[in-house]
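Multiple structures follow.
The two complexes that follow have subunit A in common; it is paired with subunit B in the first and with subunit C in the second.
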Partner chain A sequence: MSRKPLVRECPPTTWYFRQPRYLRYMSREITSIFVGAYCVLLVVGLQRLAAGPAAWEGFLLALRSPASIVFQFLCLIAAVYHAATWFNATQKAMPLQIGEDFVPGNVISGAHYAVWILLSLVVMFFAGVF
Partner chain B sequence: MAKSHKPVVWFPFAAGGTVIAFCIPVIVLLTFLAALGHVPAGLSYEKLHAFAAGGIGKLVLFGVIALSAWSSAHRLRCTCYDFGLRADTLVATVLYVAAIVGSIAAALFLLRI
Partner chain C sequence: MTPLKERLVQLEVLRYNPDTDTEAHFQRYEVMCQEEWVVLDALNKIKADIDPTLNYRWSCHMAVCGSCGMMINGEPKLSCHAFLRSYEGVIRVEPLAHFPIERDLVTAPDDFMEKLKRVKPYVIPKEEKPISEGEYKQTPAQLMKFRQYSMCINCMLCYAACPQYGLTPSFIGPAALTLAHRYNLDSRDGGRKERMEVVATKEGVWECTFVGACSEVCPAHVDPASALQQLKIVGSIDWIVEHLIPGGKS
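Now for the complex of A and B:
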């Protein structure tokens, strides 16, 4: 007599609705779509920059279309969400031990946030935002 | 010891994740400001062209774009699988080729500046 085989049911396209943490995982995964698409925009921008001043002005003008504004707004949210979840994960991914003790996790993540904000401010300063 | 090609994929992925986290939000913010009509001075043709003309500028721009492209390609591959698209070899080939082509294109455009 054979036992009933174990069948683990896992719907391949809807599994992440089962648990909030799966949904959070997937919402983070989705940010890669926007980052990937934004990379295409950056490469196109480089091509326009290499093509001369008129082409670059045209690119800047094209950025101002409503579709582009919506797209970049979504990219901004996705990029910030990716950054925040990445920095939150650093304390698990790179635990730091000094002597006997481990450095508290929120110190590690906090240091990443601090460097991130500082770097962003420096880039904005050199880009002439303020 | 067993040899694996995974580190080759994994290293740019991890480096790209870090680069995306630290650099992409502020870059998006700059182009978003330009999209809203407040073009930052650094995005004017003269300033940006001068930055991209230098060796360090070229290296920074290429590093950010190539690593971000490779990392998001790898993550998109996982995302496709998670959404139930199980043709992994096809998805991986298309996305990695796209990332490599994008990186080479970025390098060629940078060399023209």
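Now for the complex of A and C:
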């Protein structure tokens, strides 16, 4: 008997509408754009700093504009979401076995959160927040 | 004894006959089912009482054999594990996504079988020894290291859930890569290098973008996504040792 299998293609541009979990995945991927855009902002800041005090003041002024504040707020939300999903994923990538048992996943993710908070406090200390 | 509750269930089943059809189409069935039945029971009832031409695979009816995987309302499921009481309205039943349809709900698993072979999913002993020297021993801790990944029933639900496999069919895919990891982790095994030549490639783990859908649909709780992320770390360390450390060998 001859075979005539029917192939149903996965739609290359709309596949992520098929399942809510695919949309969740895409939303996480999209946060990378904001994280990348904020990195560009930091590089521009460095360039302005190197260009002299007037350029730096102009850069700081531009950061205080309403559009810039909205942009930075969106970047913050995206970065927090990205980081949280990343830390939640660490328990899958880095299992820790002690004897016959594995350390619970939330301990591994929790340790990452703890280090994140600690490092953030250190950065804030050196930035003169405290 | 209280009589079992019955209800009329509507199923919309994708049909494809390779002898007469060029496209697949949905056919609706109405069948009286008992409340505690699963979708597979409804299909069996349809085949027995309404339409004997309906084709699908099944065997154990207890989520062990992995034969009856289907898309149920767009979600990859074992039809013997999908209770009718979990669904309202018309239940849409399709063959597993991302696999060619052979006939009705029967898909062609050839691609998966070929990929499974490529990752050498068996113990390749570090050193052969005669039977007279006894068995290859393993401690409980050594067993636990890979046990979860040995629970795969080859049902292919993870392939149907993985958009990367749907978009890039050359991707070796979740179950086969997970089994590669399972044997790499086995203390009796010495085949890691051979497997990593297949695994640590573009169409191996690096095609995975960690959507995580494979682990969400896995009926055996194997968590293929975790195996693949661990393989990425192993592959990266191998690459660093080989390329960046003087005298390093992967």
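As a convention for this text, the second predicted complex is superposed on the first by the 128 of 130 C-alpha atoms of A that agree within 3 Å, B and C clash if a C-alpha of one lies under 4 Å from a C-alpha of the other, contacts with A are read in each partner's own complex, and residues count from 1 in each chain.
In this text, a contact is a pair of C-beta atoms (placed from the backbone, for glycine too) under 8 Å apart; a residue touches a chain by one contact, two chains touch by 3 or more.
This one's a predicted model, so the numbers in the text were calculated from it and none came from an experiment.
> Scan A:16 for contacts with subunit B and subunit C and give back first, second, both or neither.
A:16 contacts both subunit B and subunit C.
> For A:127, using the defined touch cut-off, is the partner it touches subunit B, subunit C, both, or neither? Pick first, second, both or neither.
Only subunit B; A:127 stays clear of subunit C.
> Please name the chain, subunit B or subunit C, that touches the greater number of residues in subunit A.
With both complexes superposed on chain A, more residues of subunit A are touched by B.
> May I ask you to decide whether A:7 touches subunit B, subunit C, both, or neither, giving the answer as first, second, both or neither?
A:7 contacts subunit C only, not subunit B.
> Regarding the shared-chain residue A:95, is it in contact with subunit B (first), subunit C (second), both, or neither?
Touch partner of A:95: subunit C, not subunit B.
> Name the residues of subunit A shared by its contacts with subunit B and its contacts with subunit C.
Touching subunit B in the first complex and subunit C in the second, residues 12, 16, 29 of subunit A appear in both lists.
> Along subunit A, where are the residues that touch subunit C in the complex?
3-8, 10, 12, 15-16, 18-19, 21-22, 25, 29, 89, 92-95, 97, 99-102
> Would you tell me which residues of subunit B are touching subunit A in their complex?
My answer: residues 17-18, 20-37, 39-43, 45, 47-49, 52, 61, 64-65, 68-69, 71-73, 75-76, 78-79, 82-84, 86, 102, 105-106, 109-110, 112-113.
> Can you check the complex and tell me which residues of subunit C touch subunit A?
Subunit C residues touching subunit A: 16, 18-19, 21, 23-24, 74-75, 97-98, 100-102, 108, 140-141, 144-145, 163, 166-167, 209-213, 215-216, 223, 225-226, 229-230, 232-233.
> Can you name the residues of subunit A that touch subunit B in the complex?
Residues in contact with subunit B: 12-13, 16, 26, 29-30, 32-33, 35-36, 38-43, 45-47, 49-50, 53, 56-57, 60, 63-64, 68-69, 72-73, 75-76, 79-80, 82-83, 86-87, 112, 115-116, 119-120, 123-124, 126-129.
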